[in-house]
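Read from first to last, the chains carry the letters A, B, C, D and E; within each, the first residue is number 1.
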Amino acid sequence: MTREGWIRLLVIAAAVAALELACRLGWVPVTVVIPPSAMAASLVDILASGKHWADIVVSLRSVAIAAVLSIGLGFLVGAVIHAWPLVRGAVEPLLASYYAVPTFMFYPVFIILFGVGPAAIVAIAVLLAIVSMISATLVGLDRIPLVLRKTARMMHMGPASRALLIGLPAALPHLFTGVKLAVAYAFIGVIASEFILSGAGMGYAIAYAYNNFDNREMYGLMLLIILVVTVVNTGLDAVDRRLQARLRR
Amino acid sequence: MSVSPAEVAVVPDTAMPHARLVGVTRVFSRRGRGDDVHALGPIDLDLKRGEFFSVVGPSGCGKSTLLDVLAGLATPTSGTAEFEGRPIAGVPAGVGAVFQEDASFPWLSVTDNVAFGLRRAGVDPAEIARRVDYAIGFMGLRGFADAYPAQLSGGMRQRVCIARTLVMQPRLILLDEPFGALDAQTRLLMGDELLRMWRETGATVLLITHALDEAAMLADRVGVMSARPGVFIDIVATGWDAERDSRIVSHPRFGDLTGHLWERLRVESLKHLREG
Amino acid sequence: VEISVTQWGTSLYGAPYAVAMAEGLFKKAGVDITSIIGSGGGGTTVRNLLASETPYGDVAIAAALAAQRQGLDVIIVNTGTRSTAEASLVTMPDSPIRSLKDLEGKKVAVTSPKGVSEMLLLMALKQEGVDATKVERVASGGYVNGLTMLEQGAVAAAALIEPLSIIRADKYRTVVSYGSLLPPMTTSVGITTRAFAKSNPERLRAIIAGRAAGVEALYENPARAAEILTKAFKLDPAVAQVAVANMIGPRMWSTGAFDRTELDRTVEGLRLIGEITGPVDWSKLLDPSFLPPAVQGAK
Amino acid sequence: MRSALGSAVVVLVLLVVWEGLHLAVSNSGLPSPVATLVRLGVLLGDADFWRQAGETGRAFAAAVVLSTFAGIGLGILLGMNRTTGAVAQPILVNLYALPKVTLYPVVLLIFGLGISARIAFGIMHGMIPLTLFTMNAILNMKPVYRRSAAVMGLTPWQSSFYVVLPAILPEVITGARLGVSLCLLGVLIGEMFAARNGLGFVVMQAMERGDMPSVLAVALLLAMLALVVNAALLALDRAWRR
Amino acid sequence: MSVSPAEVAVVPDTAMPHARLVGVTRVFSRRGRGDDVHALGPIDLDLKRGEFFSVVGPSGCGKSTLLDVLAGLATPTSGTAEFEGRPIAGVPAGVGAVFQEDASFPWLSVTDNVAFGLRRAGVDPAEIARRVDYAIGFMGLRGFADAYPAQLSGGMRQRVCIARTLVMQPRLILLDEPFGALDAQTRLLMGDELLRMWRETGATVLLITHALDEAAMLADRVGVMSARPGVFIDIVATGWDAERDSRIVSHPRFGDLTGHLWERLRVESLKHLREG
């Protein structure tokens, strides 16, 4: 591991230890936050007892579907907008404003369109995640150096092979930024919607524990989410770093 | 000994030219702004088959634009461009180009970069392997066949691009500042390699460069362009024989040649400087 | 001071507080309630309550019991509502569903698993002798969502609550109104922290007394109450009138007294949905000592 | 100007799509744009609505100001040193990817019920993107700017203020555009929980009452507010870049 | 006429040097990787007050590192660096530097860029206006005083950076490839301006460049560096008088000088090329 990695581990360990201490000494009431060790124990119980496996599967499946959909659709939409400068000039200013509106306000609308349950939740998450993918696609396609297009023409390549063999790999590092964001937002979108609206999934399980003041269970589940997010992010980071190292110009 | 323009005057050209530009101009119209940029010409130029032609000129005078026209990447606003007797429309077969900017594909290894064009063209794999291997060795990239461009210096990346163009065995090779990423000294050494390659393949070469000594050492003829819109204000035959290399810089006529080129460009550069 | 009331502004639980505030009954009782913190659900209300300066609030009984079970230092000091008259089960007007029996093999929208709407449904099914396992409950996340699903045909019936049911009365047909089916039961209670009760018994008494006065004023002058609700909850005047009238019959609002049978009925319901498994020891949970003397004597 | 016109066209297209959906599904959950606009008009005429909007506005303004200063400050602090940046970045990204609604109890404990909890929610949503943008901008800033500042004898404070900050301003504005929108989102979510006032409370109530026209009207209003702020920041950005 | 090293040997230096490096080396330790990069030295160098010293050497030999040491931006790994008799610790007052990369501030107009350092130093506004106006005129930027760097060519931006450094009236001016963005011809013209400025201010100048003709034309002495780790393999005195300008390129000794420099570097460049 790199030096930064070790320092990071140390910082996190220190933060966790501080929280543990604060809880154990009663500075933070256990009715609000439980010690990290108790969270870990609770997580072990949750996983061992298997009572939330169904929720975990539902949530992760929703996240995965939402992430894949927003990445794929985001790239397509981004590519189309990019090819069409007039539309782009019109749409781009709207993109950043978009995050101000809580998407789950539209849940009733989505229920009409997608029915209740995971589909509507996935739709909310896609709505949240797709914008960062579109933006990243635009940036990525912008950054393809003109000279690569020229080179492709010198090799007598057609539009399709040009897009596939030059455009896509050349834009990939930027697309990956979008991928990372899209995954993060897919997580936020799914869990938060489940928390507020749904009757299933990890978000719902947390909300349920929250409403029943079952802090042990709640924090156990939250720890699980943090761990999953960290693992996914670390994996994406590793891929990203390899891409960056290779594709940096 | 000074070389006056009279002594190195344009050699009358009788053979059928390999590439020919007649009255070529190029104007960029800027939408919305109204003011057009007359970037190039009118240019008349005949490239003889197998000749090594260098172009020098102030920055922004239209050298890269000229190359784009010959490569079929840009159509002249007026005038005609021909390659091997046929008008240039689209990129002609048999023409290869190395651009001013780094055009290596960062997602491919050196070998895959060099083989890229051949694979597109559907050349037989064994033949690809043979040619790529040769080109990589030729360009001094042997130890880096599996490296990616990010692991190479700017100069080495340019060599990858040159190799990628050479393996296609073009009959006309267009080079736009291919050694821009190198220091002056290393440039001259790379020039030696280029001369060797040129002799071996017998291709016609058009080389754009900023460095007058490079132009003077490498070319059969050196075209001197004016500030924008670039036209040829002089075309100087160097009179070197084909077996030359960088040691030519200590030839007494070399200093006179560069001095002459410099003198022709001084006025143009001053113009350019005034304009900003 | 500020107190918490669950679903303030959206359901009728809070009507006595609105009346008492508007009529100055709290002031008369000796406490100045300036505003009310609402919230979507019991858990949030209890948390908000614990975080506020005057930790008194009106919450669903399930939330109060859950809080206690998890060791939060809360006690129940009065009762809030004692009827399920505001809740109903509706279907589309052209639906073949006429009674709870018809729901067998069908899907019904409830708000969330183990929520009040599911509890009432299960209690009603049990009372009618319908096999609950044959009725599929779908969690919609909210009453409105349930209605949307109903309109889309995704479910055969949906749980509904006033005043929403009045606002949309013409759109759906009521299958069952729980108030007419189920006997009275305690649905919401007033809770506070033990510490607050100890340190501020007078203020607590005043709040409870003020609310009780509000309840009485409400029953005395429903028209005036409807007027107040119109303003406080931003309701249509007609809707407010109907809503108040609907609740006066079954005497939905309790003046605060504890009724063991009504409390036990709710616990039975909570057992049905699995919220409660063990026995409930009321003596530890209830503290009637802050009720007004008149009410205290009532039962 | 042309892009503003184009944006207007896009908005119009969205409205048409909305109307189309409304007609297609004919469900009380999806009112028509006209009904929504009418409701928005009614709401805007209501003094109490303005009071609620004012509540949201106050929390939003405080959250934006705080998260802007804190976000940029922290970003600069982390960005000035390569190691701290490399250490902090993944932690921040992971924290950010955590659904923040789940942290409501903790926020409640620390900030209580007042405006500060909503501000905290706003900052939790809006600050980290700004910090990340600022930090990355500094890490990617041409090192020669700082070297130039050094040979001109600038103190570290001078070079942060006169060189680093202007150099990264375009990225900071991009971060701020996102941050402002997210701040608003955070404040609204906070209001939905500690519901006693603010537009979030209005929306929550409307949702529970099945009053979709009001929900969409508020959504429309928020979108317009975010658009205006964004346009202002974009204009600032353009003025800066020239 | 050929200039042998013996003829242009280092002139013995008796006056107290303006800047002095003794045994300076610089090693970059790469954390975690283990392999250190020995970038520079050991370097011994005395810069005389008011002299114009050029440094040439293969790419990556440590020229910029040398400049960093003199500017106080990097501390030597071993050896000592002095300026005006005092050890260099931090950026010394009286030293100005123009870096290899474009360092103009894109958010400031040309005038504000040039005035930047003076304003931070709290110089009197009237004095700032006077000096800035003079520097802008001197650098041929008069028509662009209110323009922003984005509207300028690379060469003009470099001139902005030079002006920004000159207005501070440094006694030691360090220039790292200041004309890198220009074509060879314009470079020499800019060299004329630089010589004029040097004569007017009497400052000591250290100029790093890749172009041998530029070095030969501008400097009193040219230091030739080896491939990395760079050490001076030769220091050549040009013997020009102070009143020189670019027309010196037609002086017969000029070609001999560049030829000599080129010869010294040939071996070094070959080394560099082998390494990649």
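Convention: contacts are C-beta pairs under 8 Å (C-beta built on N, C-alpha and C of every residue); 3 or more make two chains touch, one makes a residue touch a chain.
Which protein is which chain? UniProt says A = Bicarbonate transport system permease protein CmpB; B, E = Aliphatic sulfonates import ATP-binding protein SsuB; D = Riboflavin transport system permease protein RibX.
These numbers come from a predicted model, not from an experiment.
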| item | value |
| --- | --- |
| Pair of chains ranked first by number of touching C-beta pairs | A-D |
| Furthest chain, CA centroid comparison against subunit B | C |
| Separation of subunit A from subunit E, taking each centre as the mean of its C-alpha atoms, in whole Å | 50 |
| Geometric centre distance via CA averages, subunit E-subunit B, whole Å | 31 |
| Computed distance of Cα centres, subunit D from subunit A, in Å | 18 |
| Sites on subunit C at which at least two other chains make contact | 44, 142, 144, 148, 152 |
| Interface hub residues of subunit A, defined as touching at least two other chains | 2-3, 108, 111-112, 196, 210 |
| Contact set on subunit D toward subunit A in their complex | 2-7, 9-11, 21, 25, 27, 29-30, 83, 86-87, 90-91, 93-94, 96-102, 104-106, 109, 174, 177-178, 180-182, 184-185, 188-189, 192, 203, 207, 212, 215-216, 218-219, 222-223, 225-227, 229-231, 234 |
| Interfacial residue positions of subunit E with respect to subunit D in the complex | 71-73, 91, 93, 95-97, 99-103, 105-108, 116-117, 120-121, 148, 150, 161, 165, 168 |
| Residue numbers on subunit C that touch subunit A, as the complex places them | 41-44, 46, 50, 63, 66-67, 69-72, 109, 112-114, 138-142, 144-145, 148-149, 152, 154 |
| Contacting residues of subunit D [partner subunit E, same complex] | 142, 144-145, 147-148, 150-154, 158, 162-163, 166-167, 169, 240-242 |
| In the complex with subunit E, residue positions of subunit B that touch it | 58-60, 140, 143-144, 152-153, 155-156, 182-186, 188-189, 210-213, 249-250, 255, 259, 262, 265-266, 268-270, 272-273, 276 |
